[in-house]
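The two complexes that follow have chain A in common; it is paired with chain B in the first and with chain C in the second.
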Partner chain A sequence: MTMKKKKSIFLVVVLAVLLAACLTVDALLPGYHIAVTVIKKATVYALVAVSMNLLNGFTGLFSLGQAGFMLLGAYAYGVLTIPVAKRASVYQYFDGGSIQFSLPESCAGILGDAVGPTVGMLAALLVGGVLAALMAYLIGLPVLRLKSDYLAIATLGFAEILRAFFQWNALGPITNGSNLLKSYPTFTHATPYVLLSGGMIAIIVLLINSTYGRAFKAIRDDEVAAEAMGINLARHKRLAFVISSFFAGIGGGMMAMYMGTIAAAPFKSAMTYEILLIVVIGGIGSITGSILASFLYIFSSEWLLRGLDSGTFLGISAPSLFKNGFRMAAFSVIIMAIVLFFRKGIMGDRELPDLLDRRGRKHKKEAAEK
Partner chain B sequence: MSDNILKVENATMQFGGVVAVDNLNLEINEGEIVALIGPNGAGKTTAFNVVTGVYQPTNGAVWFQGNKIIENYPQGKMKKLYKGQHGGEYTRALAPTPDKVTKLGMARTFQNIRLWKSQTVFDNVLIAKHCRATSNVLSATFRLNRKEEAQQRQSVEQLLETVGLADVKNELATSLPYGKQRRLEIARALAAEPQLLLLDEPAAGMNPQETDELTAFIADIRNKFHLTVFLIEHHMNLVMHISDRIYVLDFGKLIAEGTPAEIQNNKRVIDAYLGVAEDA
Partner chain C sequence: MGEGLPYIINGISVGGQYALIAIGYTLVYGILRLINFAHGDVFMVAGLVMVYATSALPLYLALPLVLIATVLLGFVIERVAYKPLRSAPRMSLMISAIGVSYLIQNLAFYITGGIPQPVTRPIPWISDNVMVFGQSTKRVTLLTPVLTILLVLALVYLINHTKIGMAMRAAAKDFETAQLMGIRINAVISMTFVIGSFLAAVGSILYFTNYPSVAITSGGMPGLKAFVAAVFGGIGSIPGAVVGAFIIGLCEELIKGAGYTTFSDAFTFALLIVVLCVKPTGLFGEKVTDKV
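The block that comes next holds the complex of A and B.
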């Protein structure tokens, strides 16, 4: 019991320090500074990675549809939040589009200018999540009968279809075809991203530690035994899929906020692979692992290794070697090294507070050796 | 209805050309311990899988507590084979998945242990309580089910105390010695609150001392939890000690049924399975 208490205190302290650090960054640095960018992008990736971990790591369903659900969330956010006055210029090829309202403006009309726009933005995020969840429910009906690799291929295919569908000209009055959606409101500071993403991840953690989360883990460990013990496989798999997609949709909306413009093109399978990579590096089945890994990944790819592309890295100037593309080559080597030397990712299936618990660590090690 | 808790009626399970279970009929009364024995490959585990909903029988029905829970009739190619053989008696395809059968009050263990490997002993048992939880996903996530959760945890504590696993409750399930893993699997099945417990070779791989302990344990939990027990076993010591009645399968067909004493002296059973002057 005391260990449990110690762990909770540790967690609270870590969270408080992180929040304080984030507030300091916001106070000292302008919104376009690279540190702020890294924090924003990493929190978005962390949320999506955790949502993917819920499915791949905790329920044992190998799905690669994350980018598709993010796309839905991103478009829902953009379409619902572009100010009415700017719709004519954004939808210039489609006569101003067919939707002539904006959630932040409508909410400002009801709740006042102080909180209204923010509430509207959050509502748009929520709509994106719900849309992604609905879509997950529909495609889950046929797709969740598949197992392992086949499920991965089916979900990947779905995400690609969805991307093509959103670029379809006939949908232009809503999605603006293959043109950009822009001029929608975003948060300039990093703190709102951290709070939003943190809140969503907290909900996922609560779910994983609830009776449903335990059932998910049972399905992952042994499906036959889980079914024999009264766990309805179809229902629980669908539940995990829908919930994971809901949070991927919200993550997609936040991605739209971070990027400032929305097009279907960036939501390729490459984005899903990036997120899968983060999940694997962090440790399949570890929430804190996914969060740590997404910060590490975004920090090194966006900031630390930037020099490898532009001539100077760690003070070494070698313009002939460090040119465009070298960053990705170096990155691949690092990833291979991680996969070789940390077989189970940085955290394995442990969480950060578990590191305090020597005994727990020993037990997991013994189990891993068996 | 009569006082039987489980009734298997004309159950046939055919895989292509192989008839794994051939027109099986058996009845188990409330409170009994009944064993199903037979040589390897006789169809014992298949019979279990039919009863628990893992397989849909080719023909036949299963009754549980007076209700028909599983039913199927020969379809397609099978139709011809069953002309005039009970085939016309069944008209519905009633095939609940195993989880629904468990919720009705039947829980099982497996021939090769199937515990949830990454979970502790306590969590293994707690997860089995999930099927009795009334909370939905939202109320569970936002902890509106605290009362139920606390109740479940307490009853798991009690259960572990009863089966003698309380001292290892925080160990990983796979770190337990073999005999205790078997015991844990039974405890997990009990957590699903069954009226009928199905044990598939509970003593497989156990030494004589462990087998004796298990024999006492099964009799003990039958009384404590007011259970009916249906088991498959090769250890004749265990079977003859605790069974009220025994069914014998050979090549999918029922060749004998009766009390342990009757089975031990049955010529067909001795020829097919028990053998002579062998202390199994």
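The block that comes next holds the complex of A and C.
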């Protein structure tokens, strides 16, 4: 069996096991169980982290606008899926809002009640992604000419501007101003999240392995050399930016599903920083790393280390030490240690199938020594 | 004019506070080419220390304590988080800065319990109300621009006429060559962080005298705006940062005065993007375009 074949089988097996595990969790545990919550949140973060990695890790464009694109996706999803009957109560300060249709309901009318609502929800996600991509295209026109830290600060600025617009009262009939959007349909089980996010990530992986992906990596490694090899810098940078934002938009829509309510306030730069740090923990330039780090991060912060905030941890009861906020403080110390001493993160730039390689290399080394 | 006046006075005052923060950004960027994302949080910590110190200690002990604690924080951040990465790519340095910012905010959340700390004992005299052109305002609002200008003059003297200032200019011009010329680069970098943090502490004392409370996120926005001011004025240039900060402070307050409070933050970033696209070197920047 060739190495390549072995790797593909390994990958398929791991993915199948994970999917089976998720299906089991869904079958055995109720929707409000912490395990289901963790899987939902982690898959959303994984998708957004991978989309950020595509830009920061594979194309070398240091962008900090992710939260803004997620905001667009989240609002698009919320605005398009709130049932018509509930609009009056959600938009109570804006006379029921100006949009009087709901994609899941319209689709249910066309396709029937069995698949219609789901198709409508997916369509709303897609609209969010497309909107984010369009916005990215417009923002990219001036911003992508900038480099490294200037690009970072300009994208950060755009995200803040977007947030201001969504809180603006004049847009209230659509965005509900600074009030919450709620009562929209969500998936109760974890499996739809895993499938959705997994599908999106698979598309990103295919993209990275295509000629476009190679061009992105070439730009990251050396812009001048890439240009000399005939890669159109402006076009590829724009492409990476737009694609990354598209998936961030979809991730934002899924975030809205997970959270149950949407407001512009949580989508600030702190959220981008959080996602960036997840990417760094996983390894800049590794899709597997980003996914792994998302699950680790969400699992430990939502579940494993809960005790650090509520008084008891590992059986040690110290309410004065383990009070609210200790968990995140401990977490950020770990993150700083990774940033300073393990700059490659968990995976470096390796992917899941490459784990087989290491063993293979060791064997080869031993053979060579003999 | 009568209606706009309080906004103009406020704007100049806010501009002065931004200027004091912006200098910290511009000095560090000039030498390390690093956007010190943690600088805004250093500013916030100074505010927190002030709240705690003034409620426990007499004023003549509390204020020096705020300055010393902030300077120490800036110094330690540089030594722990930036010095080990001196030869690393710039992106690692920036990630480290974001990590430090995250760490400080989370530590502050743990210590304060996430509750905004009220400024219970504002500093007397400067928080008294005075009348200017028929408008009532706090004395600190008038004092800020004056103090800012005095501090900036002192700083400009330090940079142009002392040995450490000369070393700082040399390091900003060419890092490697400065090292070869026998400049102890680590001492110079530490010094820039000390100066930057000191000015941020002064800015923080002035800023939070005007506000009812210090929250853990209070540092983020002023920090980013001060950075925009530094870019606007031409990063690396001290007069640029000061002028930029005053312009941004003024515009922001005038926009608030016109009733578009939601957009006062957005305006700053829009300005940043326009400046970066039209004149990347800023108002007073050096003619080096390789950075943008």
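Structural remarks
Just so it is clear, the second predicted complex is superposed on the first by the 355 of 370 C-alpha atoms of A that agree within 3 Å, B and C clash if a C-alpha of one lies under 4 Å from a C-alpha of the other, contacts with A are read in each partner's own complex, and residues count from 1 in each chain.
One rule holds for everything that comes next: a contact is a pair of C-beta atoms (placed from the backbone, for glycine too) under 8 Å apart; a residue touches a chain by one contact, two chains touch by 3 or more.
Because the structure is a prediction, the values reported are computed rather than measured.
Placing chain B and chain C on a common chain A by superposition gives a fit, with no clash between them. Geometry note, superposition on chain A: angle between chain B and chain C about the Cα centre of chain A is 80 degrees, to the nearest 10. Among chain B and chain C, the chain that touches a larger number of residues in chain A is C. Once the two complexes are laid over each other on the shared chain, residue contacts for A:K217 go to chain B alone; chain C is not touched.
Residue contacts after overlaying the shared chain place A:F267 against neither chain B nor chain C. Shortest separation of chain B and chain C in the overlay equals 12 Å (C-alpha atoms, whole Å). By the touch rule above, chain B contacts chain A in their complex via residues 52, 54, 97-100, 102-103, 107-108, 110, 114-119, 123, 126-133, 135, 137, 140-143, 145, 149, 152, 171-172, 174-175, 188-189, 192. Considering their complex, residues 33-35, 80-81, 84-85, 88, 90-92, 94-96, 98-103, 105-107, 109-111, 113-114, 217, 220, 224, 227-228, 231, 262-263, 265-266, 268-270, 272-273, 276-277, 280, 291-292 of chain C touch chain A. Per the touch definition, chain A reaches chain C in the complex via residues 56, 62, 142-143, 145-150, 152-154, 156-158, 160-161, 164-165, 167-169, 269-270, 273-274, 276-277, 280, 284, 323-326, 328-329, 331-333, 335-336, 339-340, 343.
By the touch criterion stated above, chain A contacts chain B in their complex at residues 203, 206-207, 210-212, 214-215, 217-218, 220-222, 224-234, 239, 243, 285, 349, 363-364, 366-367, 370.
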